[in-house]
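Here subunit A shows up in two complexes: once beside subunit B, once beside subunit C.
And then the complex of A and B:
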């Protein structure tokens, strides 16, 4: 029996180790090694920190890096602000059928490819698009208005794309809040604001943290939305990675960029977990 | 701020209005995509030129429909193939992972569990390039050693499958683990007492219990793979899956053909999603 259990253990461990080893751990180590070398001539490489030096001294690279980080944080904050009242409504105000239907309405758009969602925004916002036509029709504009290719448009797209990943954890945590606790808050003399601050938000914290982490990751790693909706000078860091790898075939610099993005996302995720005293296992698992 | 606490009428109206606005925001882009699939014009924009089915069934240029457009059909085929492989692979490994984490205590379990979660917090593009880099290191190494060029390790469908598998497996593992945790192990022990061996007990008792979660994970994995963009973008070769093919066309300028493809995608994936939700609602 013990022998049998040992065999079963090894059989179950093997796929996990192969998967994590060959597709996650080793590729990332390899990427790190490639980012730490420099091409001397054809097929000859030398270890050096040149790529990181380039990435950290070239103003365009550095600016894009920070811009991507700041815009992703901003997108996360806006998503949270928009999603919270809606999630609260679904979890606490709506009852029965309505609650189920509203929740489904939130879920379904996200089974549709991100490409389709972005395409929808392009149809709405471009110069010949619906909103531009509507503005002309109502007399608010006297010529076609180009609404695409600005930071604000990109933000609309980013928030839209990751909304679900904020709403679902928020609804789940808010649903578990007992109505009587809220009532007790009012009975003890609290008003709407203090009940919100002292009871509802602390209770929803786990949902807020996991929602924010996922939305931040999705915004940071987004490629489609900034490319299709963002302007010429709203370059996103993922676009630079793509350019180095596919357009310029400069894998060394591209790998360095990839590693910087990885470090940035890890630091921010770690920071958020640290700040709220939670572990990755509790938040994601 | 719950229904049992009285609120002013103005507050309720404003709150309700806000929620309504939110759902309009959610529905707007998808509705627009769907509606313009039926516009009898070269461009998916106003003016409205009349209703047509041509973008679905049209047989000749310039109004060639989805069902006669070879490039798109081939891309759908590629996507379906990739998604089926990814779904089967990730659910298989997800199941073994779930059993491992649920049934065994071993040194390094905590570390492995965190490693297992990591793919969720690695940006898709970074996952893609790391696999691209590693597979080409492998291919170059094999070439240097044996002068054999292994095409499978160059960008193409195999790498796309591996790239998507690398993070979808985490999701499959989580879905199946959640169900396995609810399993009452005494049922399995009862089977053992009644003379079944361990494998038979797992096969006849545990698997039927896990069934709904496995089917749910299968569909979710299929959908996630089908709509994946970031990881695929870095690993794609000459055979493009649907999202990449549509992206390439979108860059060149769009026709309502893309709306028609999108509408079909929406209908198909909502149906699948609905199916899963209904299926898992059953106790």
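And then the complex of A and C:
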């Protein structure tokens, strides 16, 4: 019996170990090794920290690095602000069929690929696009308006792309909040604001934190949206990684960038957990 | 003295259905008032209207004489103990109890003092720092009451708060709730579907059915003098027959059930030929081994024991009479019938006054 359960345990564990090992651990170790070397000449490499030195001294790299971090945090915050009322409405106020329909509506945009969705935004926002034409038609603008290629547009795209990943954990945690707890909050003299602050938000905290972590990571690692909707000034760190690997064939610097991104997201997620006083174990349940 | 709580012709309609149908009652200060009824009778709806979570379709709710219809729930001088207590799991016990005081903007020091006082009052001193889920069911119960009582409400509403507890604890909490009510000297409005809870604790009980109050009175009133067939059937247990009046003379009625059993009853203003519903409680039927012991009872029957339902003090014997009718009779625990077995012949009897009779349509 014991023998059997051991075999079953090993069999069940194998796919996970293979997946983690082959697809995550080994490539990352390889990446780390690549980032720690320098090409001397064709086929000749030497271990060094040059790549990191380059990444940390070149203003363009550093500036893009911080900009990506700040913009991702901002995108996460905006997503949370928009998703919270939406989730609250879906979880607590909508009943029965309406609830399902609203939840489906959040899901539907994700039936098409991110590329198509982003093109959708381009069709709406470009100089000859729908909104530009509408503005001219109503006389609010006297010439075509270019709404693409700004930070604001990129932010819209990032928030739109991340919305579902914030709504789902929020709806789940808010649904588990007993209505009578909220009613008790009012009954004992609380008003909308204090009930929100003392009861609803603390209860939704696990959902808020896990939603924020997912959205933050998605934004930080997003490539398509910043590339297509962002302008020339809105360089995203992932684009620079792509450039180093594919355009410049400089794998060493690309790998170093990749590692910097990994460290950055780990630090910010850790900071987020510290700030809310939660452990990763609690949050991921 | 103005009643603490008055409901006047209260009506609540949800679409086509009328959940609460023209209910009026008043609760005098410091008393324990219960609304007792089966689930779905509208008792929770009344409570939610008083708490302010529902607006009545018509009628008025007055607390200490003043209408509260335009007062939102967070401003009403009533507080509610919810069915599943609804303690705030994200807060400590002290923060739970202090929540309402914080909302009133009371100073930190003052809140701490009041919370400690309340914890002493409910006999749980020093647990303020604990989390809600570290407490037992009975302790949570007391904390939920303390959380309301620190606000000194005019009326405390309790929505079946004992429903989630196990039997032993429930029995204990009944006594304790009554004691807490006396200690806090506050008006309690208690709703429940458990008649024993209502009868044991209340000064006044309203029996509710299908949105209406059937009868309001003390426990004794409801048990001994039910005014409607519903109350007679709902409070306590009853043998129940449908029958017809054969003779009405003075105060006594002679009637025959549809199954052919003849019996005497007292009271009801009915006349010959009227249809009637008859209720006789198992505990008011006397069990005897010989007919002589039952002399003086208006109704006497001979029958055989078909089964014995043992349930400690509430044990019953099912007796089938010669006409085939089955009666539920209380089994006295005095030892006299310890050897009673299935198939034994027994005699049963009850006085006319013990049979409650209502006219039936």
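Criterion: the second predicted complex is superposed on the first by the 262 of 285 C-alpha atoms of A that agree within 3 Å, B and C clash if a C-alpha of one lies under 4 Å from a C-alpha of the other, contacts with A are read in each partner's own complex, and residues count from 1 in each chain.
Here is the rule we go by: a contact is a pair of C-beta atoms (placed from the backbone, for glycine too) under 8 Å apart; a residue touches a chain by one contact, two chains touch by 3 or more.
Since this is a predicted model, take the numbers as computed values, not measurements.
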After aligning the two structures on subunit A, examine subunit B and subunit C and state clash or fit. fit
First, second, both or neither for A:178, with subunit B first and subunit C second: second
With subunit A at the apex, the angle to the CA centres of subunit B and subunit C, rounded to a multiple of 10 degrees, reads 90
After superposition on the shared chain, which partner residues are touched by A:70: those of subunit B (first), subunit C (second), both, or neither? neither
Scan A:186 for contacts with subunit B and subunit C and give back first, second, both or neither. both
What is the contact status of A:194 with respect to subunit B (first) and subunit C (second): first, second, both, or neither? second
In the overlay, answer first, second, both or neither for which of subunit B and subunit C A:203 touches. second
With both structures fitted on chain A, tell me whether subunit B or subunit C touches more of subunit A's residues. B
Tell me the contact category for A:242 with respect to subunit B and subunit C: first, second, both or neither. first
For subunit B against subunit C after superposition, the smallest C-alpha distance in Å amounts to 5
Touching both subunit B and subunit C, residues of subunit A: 183, 186
Parts of subunit A lying in touch with subunit C, wherever the complex brings them together: 178, 180-181, 183-191, 194, 198-199, 202-203
Of subunit B, residues touching subunit A in the complex: 1-5, 15, 18-19, 22-23, 25-33, 36, 43-46, 92-93, 96-97, 99-100, 103-104, 106, 110, 112-127, 129-134, 137, 162-163, 165-166, 169, 174, 198, 223, 226-227, 229-230, 233-234, 243, 246-247, 250, 254, 258-259, 262, 265-266, 269-270, 272-274, 277
Sort out for me which residues of subunit A touch subunit B in the complex. 4, 8-9, 11-13, 15-16, 19-20, 23-28, 30-31, 34, 82, 85-86, 88-89, 92-93, 95, 102, 104-109, 111-117, 119-124, 126, 128-130, 133, 160, 163, 179, 182-183, 186, 192, 195-196, 200, 213-214, 217, 220-224, 228, 238, 241-242, 245-246, 251, 254-255, 258, 261-262, 265-266, 269, 280-281, 284-285
Considering the complex alone, what residue numbers of subunit C touch subunit A? 51-53, 72-75, 79-80, 82-84, 86-91, 99-100, 103-104, 147-148, 151
